[in-house]
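Structure below; questions to follow.
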């Protein structure tokens, strides 16, 4: 490994994904650039429909066939360009170098196979070893994610496991091949608060042990604050603001970010009524000029409606970027 | 032949044009189906069959049994023989079967048959003697016998005069007795020796016969196989080694078998025969025997004093004017051409045939006048009868039965309906199977017009009694006192001239009262693959129409 | 499990009983075997002795009870149409032919329908999908006897690859099996497609891909295993429908199986055989449903542990 | 194209807009089936029943025939096109009435069975078993032998063959529904069972029934054809499509048009009905599986 300690593990530049439909085409991922270093956690935040998951899937090149494709940009993992890999090479990257934890633990395990079978499948594909040891390694992985009595759980079908347990199994699958990056796509939305907290703690611990990078996709700014080092805020397929957690929480530059932070309940875990942002995102296939957030923005003026704002350095040190005319005005 | 040369060439040109047109969608279809199916080509099936084994596909028989008397007698195994044969060319009775000669008493009540002295059973069961005939006779009149015509046999006695002579004593005179032994085949001769050694079981597994073929085996519902006997006692030998009968109910499947070369000969409905000829196959007609077809009014519609439940007098056809109108409304020439092709004769009276006594030239020539197509006359008659208002049951139910071997009956009914409709006779089509119809007829509750056939043509004296009087089949009686009286006289009459006159009187009565709707007299026919079969002479004298298999001439 | 099995068998027996009553009544309502089996000119004595011999003169309920009593001992009586043949034995003799044809038809349905349905689902909206849909619809909208006859002409007469009809070699069974199977292919392919579509959308399929599992494995291992449950449900109906199809197709291809027996027996009012053949049909159907239920448990662990 | 990952940035309104009416199947159904069924007597060029012996076996127009008989004539010289047009009404009637019988019997039994449970449910499910275990074709043969083949017998057979599917499906749905909140609420509110069944549960299974019914059109028409093949269909001369195909089957290799065009009519109708059913299913009831 010739790369320096500082070089990013994963570097995404100007990534664009196009979806074409009968009604026209649009870009759910539009000019994304961000990076993740080892041991670092990047949070991608946005409302549902903002293109977060599409971003995640494009990183492992698993976009819906026919409908969506990456039209430009670059994704470098350890300096290696992923977009130029063949499908077979890419398959070797998936699961072993970049692992993913999907949204819903209830459904992301295959009901027809035991937990052990599903863990060892990944192992068999990426770090082949004697068949006999697969089971032991699967149990090992379960132990790592703190599953009690892993020797028994390994032979259970998903239907026999609790929700939290399933999520741990999904985690075990992700870490079993010791990936460099784990993409966690809203991994905790369907869990109750206690289990959620345990699980997030577990992720951090694993990160400290292995030094892997984590991309954490969520709509919940509350989680981001506790877990992430850097944040990317997405709206309507665009990154509207990015920077370190501290900066963004302290000085949100984009009105959308501001609104999202405002939506976090003051007391964590308290089921209060959330403040939501009024209005709907625009229809993607319809022509759009100006800032897409303008119709919902309390501070929008004439220019916001007519001209797309450029991405600007909010703090002047390249660590905090935002696309908003207001930032420019300051 | 030179005369028709020109015509032929044009015919061929025409044919080619038509077949070209017809082939276009075929190919399309073939390609389409091919595209969707993955099949290893080659070696899967062998279409053409060897000439050693002749395959004949016919529609399945009513009963599938090696015990002939338990069937209705539709099919005689080529391994079995009766006493009397038929000449392949003329259909006349001959001594090609077991009886070398025969004679009858003056009163037609005693018939004596002399067996061929050299006739033997196949498979080493010894010579055919009168003991075998007596034995077979007793089997045939047993409780389990279902043979058509066997009721007559139950009333007679049989005596073995000597080893090779048998005598039948009949209760009433029967000049047509030979018919029961030839075409109708009411008595086929089984080996007594085999019965003594093996019992009925022996017959069931492999009945020994005396015919030019030997029973090989059967697949129930499928096929029946016989092998040729090399040195048959009669001296006839087929030019092939085996013959197989295949029971195939779908006519188009039989046609396909013929076209694919899987069968040498198949029986086909009339209209498919045309197609077979067009496709280059040959259709052979029987030399003599004919099938008669008709439509019958059921019920005792002519009985002036029938009980309430035994008649169809509430139906329109109880009125002779309606019956005549029905007959007048039909353009028989057109109908017959559609159903049977050109050259088929209209039938003046069902069961009357020029080869048998009772044939009346007068009726035949007067047919057009009395039954000819005349819709105006039909309408006048109907108006005269007050049809339909004067009738409670004005509509005439026409029965359609998918009777084996007669798919043209459905078309016949449709045509008849269309013609009757023109003159204003209401009809309704009734689809019912044979058993249902028969139950109604037998229970005297029949109230419909049904197609009927007569194959082979029975001697008139037999046929007329079955279909019009109460003497042979009471349930088919039309209830006419005059016909029944004439029939009763016929039973005891022995003088040929008087019999002839009686029969003529009966036919005239049927004719004049429009007691039925006669249709056609048609030869039996079989379609043969023209690449495999040169010819085949058969008289059409048996129930199935087929016989004389040893005369099948292969290419 | 054992309790479940016992209950299933008990209810099947009840169903068989009802079926036997229905069939008995229907076949006796009209048309006597006398008229189907005796010649036109049979005499009254012939008719009477026939009726006596077969007990047709007794009241209907008595005939039924006699039948039932004997049937419970496995004796369905002797065939009227095929003299000397034991009715059930005669039917059972024909059963292998039908099972062979039905088995082959099921095999063909599965072998064609599964890949077709899977391909249609995987390449949803592509020409393959449209082709599969058309293929499936063709099968569902062509009367099977018509299809059968077309197959005979194309493959036996014009191409000369396969025999037209009859039995004997394996080649004989191909066309009739296809004729029966095509309709099933349609139903099965459509089912497979829709359930595959549902499964392919599932998160665990995404997870499998994310793990780096190859597309082939994703489809045939992860997806099919789950999607198979739905087509399997259909197998019970498939069995019934293949049996029904055999009635017509056996006639077209002159295949001497149970369908052929059924038609001949009903036409001939051969009551013992009619009873036997319909009961045999029902038993096959019920057994195949039982097998399907058991197969479920194998395929779907949720049921095994639920 | 309806598939998209749930997180895709696509507004829901967009999709509901894109799914328009399935014009092709509806159009085909109208042209081949519905319009002929009701207007045959005005649009058919010839009388479907009257033989024209002078015009027997005319080939269709592009195969050597004329526009006079666009789809050719049969062996009695009757116009195939006119027969198909006139047959549509009977096909429509048989399939609709047969399906209606199936729907009414099946839905009612399924509703009550699923709601009442207990012995009645057991009984209905046994009846379903029985009906499925009895090949429709054999029942039809026996029935035809008993009461004779008629329009009625065909309708009865079709209804009998179909009711079990409805009963089974409806029952399964009701089992799910009866445990749902709104049923519980109605029960608490004191609604009678009949009211709950017909006012609350029935509307919820209507979609299933409608979808299933569309898909059964094909089965009904196929059944009618098979019955004609066995000679126990609607009696002649009614030109039901099943009879036309069945009558023409002997001539597939020669006078192919006799059975081809009626077959095509069946094909197009069943195909369109199925496509319509599929479309309805996607719109109305995503849970419904294809059977």
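Each chain gets a letter, A, B, C and D, in the order it is written, and its residues are counted from 1.
Just so it is clear, a residue touches a chain if its C-beta (ideal position, glycine included) is under 8 Å from a C-beta of that chain, and two chains touch if they have at least 3 such contacts.
Here is each chain with its UniProt name: A = Oligopeptide transport ATP-binding protein OppD; B = Heme-binding protein A; C = Glutathione transport system permease protein GsiC; D = Glutathione transport system permease protein GsiD.
On a predicted model such as this, the values are computed, not experimentally measured, just so you know.
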| item | value |
| --- | --- |
| Innermost chain, taking as reference the mean of every protein Cα atom displayed | C |
| Contact-richer chain pair (by C-beta pairs counted) among A-C and C-D | C-D |
| Distance between the centres, which are taken as Cα means, of chain C and chain A, whole angstrom | 53 |
| Inter-chain centre distance, chain A versus chain B - centres from mean C-alpha coordinates, in Å | 87 |
| Euclidean distance of C-alpha centroids - chain C vs chain D, Å | 21 |
| Intercentroid distance (Cα basis), chain D paired with chain B, Å | 42 |
| Touching two or more other chains - residue numbers and ranges from chain D | 1, 3, 145, 148, 249, 252-253 |
| Residues of chain C touching at least two other chains | 30-31, 125, 149-150, 153, 157, 251, 267, 269 |
| In chain B, residues with contacts to at least two other chains | 26, 252, 256, 259, 433, 435-436 |
| Chain A partner contacts - residues on chain C that touch it in the complex | 125-126, 202-204, 206-214, 222, 225-226, 299-302, 305-306 |
| Residue ranges of chain D in contact with chain B within the complex | 49-51, 53, 56, 59, 63-64, 75-76, 144-145, 148-149, 231-233, 235-237, 247, 249-256, 260 |
| Residues of chain B defined as touching chain C within the complex | 26, 29-30, 33-34, 36-37, 39, 41-42, 44-45, 47-48, 60, 62-65, 67, 70, 72-73, 143-151, 154, 204, 219-223, 246-250, 252-253, 256-257, 259-260, 262, 433-439, 441-442, 466, 472-474, 476 |
| Contacting residues of chain C [partner chain D, same complex] | 11-12, 14-15, 18-19, 22-23, 26-27, 29-31, 124-125, 137-138, 140-146, 149-150, 153, 157, 183, 187, 190-191, 194-195, 197, 201, 230, 233-234, 236-237, 240, 243-244, 247-248, 251, 262-263, 266-267, 269, 274, 277-278, 281-282, 285-286 |
| Complex contacts: residues of chain B adjacent to chain D | 17-18, 21-22, 24-26, 251-252, 255-256, 259, 269, 271-272, 275, 278-279, 334, 337-338, 400, 402, 407, 410-411, 413-415, 417-418, 421, 428-433, 435-436 |
